[in-house]
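Each of the next two complexes has chain A plus one more chain, namely chain B in the first and chain C in the second.
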Partner chain A sequence: MKLLDIAIKDLLRSFRSAFALVFMFVIPLLTVGLFYFAFGGLGGDDGFDLAATKVQVVNLDEPGSEYGDFSAGHMLVDLLESENLSGLLEVSEASGPARARAAVDAQEAAVAVIIPADFTGAALGAGSAAVELYQDPTLTLGPGIVKSFVSQIVDGFAGAKIATGVAVEQLVEQGVSASDAEALKQEINLAYGQWATELGEAHQDGANPLLDVQSTGDAGEEGTESLTQKILSTTMVGMMIFYAFFTAANASESILREEEAGTLPRLFTTPTPQSTILGGKLLAVFVTILVQVIVLVVIAALAFGVAWGAPLPLALATLGLVVLASSFGVFLTSLLKNTKQTGIVFGGVMTVTGMVGISSVFTASVPAASDASQVAHTLSLLMPQGWALHGWRVVMDGGGVSDVLVPLAVMLALGAGFFVIGVLRFRKRFA
Partner chain B sequence: MSTDTAIRVQELHKNYGDVYAVRGISFDVHAGEIFSLLGPNGAGKTTTISMVSCLLEPTQGDVSVVGHSIRRDPMGVKAAIGVVPQEIALYEDLSARENLTFWGKMYGLRGSALRQRVNQVLEITGLAERQKGRTGKFSGGMKRRLNIGIALLHRPQILIMDEPTVGIDPQSRRNILDSVKEMNRQGTTILYTTHYMEEAQELSDHIAIMDHGELIAYGTHDELVEIVGEMDRITLMISAESASVMERWRTTDGVHQITAEDGTLNLLVDDSNVVLPRLFESATQAGTRITSVEIQEPNLEAVFLHLTGRALRD
Partner chain C sequence: MRVIDLALKDLMQTVRDWKAATFLLAMPIAFTLLFGAIFSGVGNEDDPRLPVGFLDRDGGSVLSVHLSDLLNASDAVRPVALEDEDLAEVKRKVSDEELAGAVVIPAGYTERVLAGEEARLTVIVNEASAAGTTARNGIQVAATRLRGAVQTAQLAAQRYERSSEARGVSADEAFLLETLGKVVDAWEEPPLTVSVTHSAAGDQGEASEIGTSEDDAGESNVFTQSSPAMMIQFSIAGLIGSAELLVLERKSRTMQRLLTTSISRLGIIFGHFLAILILILVQFALLIGFAQLVLGVDYMAEPLATLLMLGANALWTASLGLLVGVLAKTEEQAVMYAMILMFVLSALGGAWMPLETTSQTFQTIGHLMPTAWAMDGFKNIVARGLGLSAVMLPAGVLLAYAGVLFALALWRFRFE
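Up next, the complex of A and B:
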């Protein structure tokens, strides 16, 4: 009973602290709220109101006569300027490469697409050429989208080129003369060019589009998560985990604060076992994080439409996060001599482990950053916050109970380890 | 241990490595009395009562509190005592009532008994009208009163008070001393530490004087004062520091002890009426002028000076 009395007293004090409340609830929600506003979350039901990326295009492609009317460069420009992409890209043609790069440098455009002179020849014939993407280094999302589209076209040509090359080799092996095979290759290339041109024209008419870019509203109806929603969701879970660990450290610090204020020694003079006193304080840390997580989950779902996943896996992920964050806070606090050290240790350790642990949040939703995302994910699993994030994302990606068991087991095991070390250190300290 | 012994301290030691905080002290506190541990800062008073209240484990020795050993039955000891720490130990973000209710629960009170006792303590401490106010906004005196009130919640047999009047105004100090006497009158045994000689003198049935972790004197006020016999204490200030006048006074008939601190000279003399003219004469011969004189009858300050060669305020 005394254990509960101590926990209730600590909770009462925590939730009366304006600083603690701001840290626990306001800052995580504010951070996600900024993303929400940045992506036009208040703009209505259209959802994806991401500002169009300004693109400067320079088409230097000059196809030879052997390719007829087909121009791969022209096709790429048509694609970028297509109606379907008008919501995402604001394309204008520049007079030359220097002018396009200058526009990016002056931040008048997010990215410049410079198509080389021999692009069609490289796409359909021999040789190689590179489409230059010159982007604003401070931006990732818009240039990433452009890169994605350009890559699709270039990859298509490369695939066709490989296919015709293989076909020619096999024909030669089958006894067809090299000159006939080469003529056939030219014919296939021309046919491919013709097909691609017709596809582009059909695309301009809005039929059989090469790319099908769907709005978030449609995506929701079709059960596909929108990019905006994904960014908001991952940001929300990242912020929640980051600040849950901070809250746990701050709540655990109450042991040191009470020691310095004299109330902890005074508690030790009452007929209350030391284990009850420490147990009560640890229970308060646990409940504080639990309340924080529940409140953030509910508010984020209501305010930002974050889809957290199925209830049971979500409950398991919550359990893992609460246990791990609480025990890590207790462990870290047990290493400190006094509250003067908390600023450095909490600020340093929590920030570093937290940022590494949730780093994949900042790369996972960016099309151009898939490699970085994988690295970030691997690194994050070296941190307790990383395992918490992993577990939550499994649930948010639609994972079931069996999917969340592994990250949950790791969280509970880490939590048990941190908890035992922290409690042993405190028991020794107050023995 | 006789039935009227509330606390028995036996050969108590506490050391931190090579630093000896308490060196083998022993004394008895009788049930129903006020017992003072008197000594300057750093004498070992707080360390001693920290061991008595089970906050510190002794390096050696034992303490028995109403029959419970601090080593074998600390919970029994804790149930019998109420501790008033030197520093105010309250939750400043809780109200006075919330503080008392929480601490009452820690002493095992529940339900109506708890509510009733909280109300009584609020009345005793004069905080009934401010019971809902955050204690962080209380004055220093109000916090002190609440700090004491917490220790009274479970009606302890023994109240341990560690310098409860440090750093407070004279009026609050007076109130605390009166309340200590009142609690004692109602039957509570009180173990009180102080470095104020006049507090120990006013309150105590028995006094133990501590210095450098040792018990250097023990007894009633009168018994202790007898150590210095009929000697008076004279405090002098002279116009200029003079080694020669110190030497002259040291050999003056009737002067037993002389110490100099911060430009003030403390002398223990047989009879100040007889010795004082001799001191003036010696000062004149040494070319020094006495600028102020204060004569005190034999008291605990003189006892401490006699035993240690230093003033108690150090």
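Up next, the complex of A and C:
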């Protein structure tokens, strides 16, 4: 019973401390709230409201009279200014290339699209041409979207020209009259154009005649919405783990505080065994983390819609996290001489191990991060927080009991190691 | 002079503690390297494109070979050959993000396509991820070019058969395959291209035109985001030590003893402020030096602009540190306030992730934070290659923040 009394006393102290409550609940929820806000959580039912990319367009294209009214440059400008893309692109026409580039340099636009003078000529006749995209080097998403649309048009023209050129060359080699070359070109061009148009129309109808795409993720009805949820879920679990370790360190600090205040030495003079006193304190650390994790899991599920996974694997992941965080806090505290060392050590060690351990959280929202994710994952497993994150992500990805056993075993093994070292050091200290 | 003595006292107290030096210098350097490495995709410096699994179940057919060539030439993805793997294993690799996606050429694909029958490539991606979407788009481009090549070959064959020269003879397979091959080869130097150029600091060399949708114009330094970001974040985190000093001084009644000396109250405030300012200036200078010399982040391309940003950042951060030290009653509170500020300002200011990846609302609110202006100013120099005129506005905003925060600290400073 004395063990419980000591534990309850420490628990009351922890939960009455504003500092502790802020680190336990406010900061993790605040951080995830910021991400929820960052990725359009307040944007209503429309989801993520990615800012429209500002584009400056310069159309220098001067099609010759042989092309009639057709202008490839105008076609490209019309696409960029079309109603379909108005939500993604904010297009304005610049007076010239220098003005357009200056607008990008002044951050008035993200990218300038400069269509060369011979664009139509190169598309339909001889020669080559390049559409220049002058972009802000600090941006990737917006210029990437513009490049994607511009490339579609340019690819289409290039494909038709290549098709026409190669087909005519091959036919002439087979003996088809070269004098009919011009008529041949038009015939091939027309037929190829019809094929390309049908392909484009099929895409617009939602079909993909070329690819059978199988998604491994839970894309839901809209990929963007799931990406947002994935970012939030990943961030929530990362922040929960990060601050669970902080809380454990702070809770363990009570041993040092009582030692300095003299109450711990006085407790040791009582008939209560030392093991009971230390046990009570360690139990308080354990229960504090357990309460923290349970509260955060519930609030995150209700407020942010985080799907934590099946109950039994979730319980096991919780057990692993609580044991590992508590024991790491005890271990770290056992290394310190007094409370004066806690500020920078806890702040420094916990920040370093925490940020490395949850580094893969930061790659969740970055495009083209597949290799980055691998690097982050490998580095994170050097830290106890990394194993906790690994276990929780297995559960959140739908893993069952058998899937979570390995990370759980590692967490418990690490936890046992830290706990034993910490307790032995305290025993030696108070012997 | 007493102001300087007080500042020196604070500085000595701080630098005597090796842990503080570690926190102020080693950690921002470590995290700059960590985040720079993560976002550079270290381990694939020679080929930063997304890895896409390539599983050929069509027995090395002509279309398999041509598709592989087209994927190799892509600027977005690079094929990674998969040998004899089943679909479940391929899906696992994509789910575990070992691959950004995978393309499977089903058995009989070439035969069906050349016969004009419906045939599709199987693509496995996580469409809920940005990498998966990029991979799918890259594969789509290659597949469209491949089928365009097939269409061209078939059109040419049909035209030949209709010509008088053919005399009713069908075009043989060799003609078809030769035409197909020539079209695929022609995509190596297409007549129409998209070239991507940046301002001077974004290029390490001349912008170049490679091909449609392809660009290998100068690679931007991956540390142009993480270097200023970690520098700004850890300058705020470093305020813990400075704020704790102020708290300790008050709690230990040293403040009261100082007041019995000839130093004025304003002198005490300025002494502490000067210590925090010097510490941050030194921290910034060392980190900028490290980034310049080791990471190749060219802060010195515009030395005056960098100096202005350095000074403005140090002033607002020092003012913030003074305010934290003034408001905190205990060391714990100093840590708490500094950590909350570090996380909130870093997240909102675009230190953790570029603000362009966030929603419009977030970007607007983010720019109410001084950290966003600090990031803008430094990125104008190191990423955009702009000069003094481009950092005037960010520096001006930071100096305004410095003024407001200092005034608040002054108002709240308790001498009891």
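By definition in this document, the second predicted complex is superposed on the first by the 249 of 431 C-alpha atoms of A that agree within 3 Å, B and C clash if a C-alpha of one lies under 4 Å from a C-alpha of the other, contacts with A are read in each partner's own complex, and residues count from 1 in each chain.
The working rule: contacts are C-beta pairs under 8 Å (C-beta built on N, C-alpha and C of every residue); 3 or more make two chains touch, one makes a residue touch a chain.
None of these values were measured; they are calculated from a predicted model.
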Examine A:Ala163 and indicate which partner it touches, taking first as chain B and second as chain C; both and neither are also allowed.
-> second
Counting only touches as set out at the top, which of chain B and chain C does A:Lys2 meet: first, second, both, neither?
-> first
Where does A:Val345 make contact in the superposed view: on chain B (first), on chain C (second), on both, or on neither?
-> second
Report for A:Ala109: first if it touches chain B alone, second if chain C alone, otherwise both or neither.
-> neither
Quick one: classify A:Val395 as touching chain B (first), chain C (second), both or neither.
-> neither
By residue count, is chain A touched more by chain B or by chain C?
-> C
Examine A:Arg13 and indicate which partner it touches, taking first as chain B and second as chain C; both and neither are also allowed.
-> first
Touching A:Val356 in the superposition: chain B (first), chain C (second), both, neither?
-> second
Shared contact residues on chain A - chain B and chain C | none
Can you list the chain A residues touching chain C in their complex?
-> 19, 22-23, 27, 30-31, 34-35, 37-40, 42-43, 48-52, 101, 104-105, 107, 110, 119, 122-123, 127-143, 147-148, 150-151, 154-155, 157-159, 161-163, 165-167, 169-171, 174-177, 184, 187-188, 191-192, 195-196, 199, 208-220, 223, 226-227, 230, 341, 343-348, 351-352, 355-356, 359, 362-363, 365-377, 379, 397
Residue numbers on chain A that touch chain B, as the complex places them = 1-2, 5, 9, 12-13, 16-17, 261-263, 265-273, 431
Complex contacts: residues of chain B adjacent to chain A = 53-55, 57, 75, 78-79, 81, 83, 85, 87-91, 93-94, 98, 102-103, 105-108, 110, 150
Residues of chain C touching chain A in their complex?
-> 17, 19-20, 22-23, 27, 30-31, 34-35, 37-44, 48, 50-51, 91, 94-95, 97-100, 118, 120-137, 139-141, 143-145, 147-149, 151-152, 155-156, 159-160, 163, 165-166, 171, 175, 178-179, 182-183, 186-187, 190-199, 201-202, 209, 212-213, 220, 224-225, 237, 240-241, 244, 330-336, 339-340, 343-344, 347-348, 352-354, 356-363, 365, 379, 383-384, 386
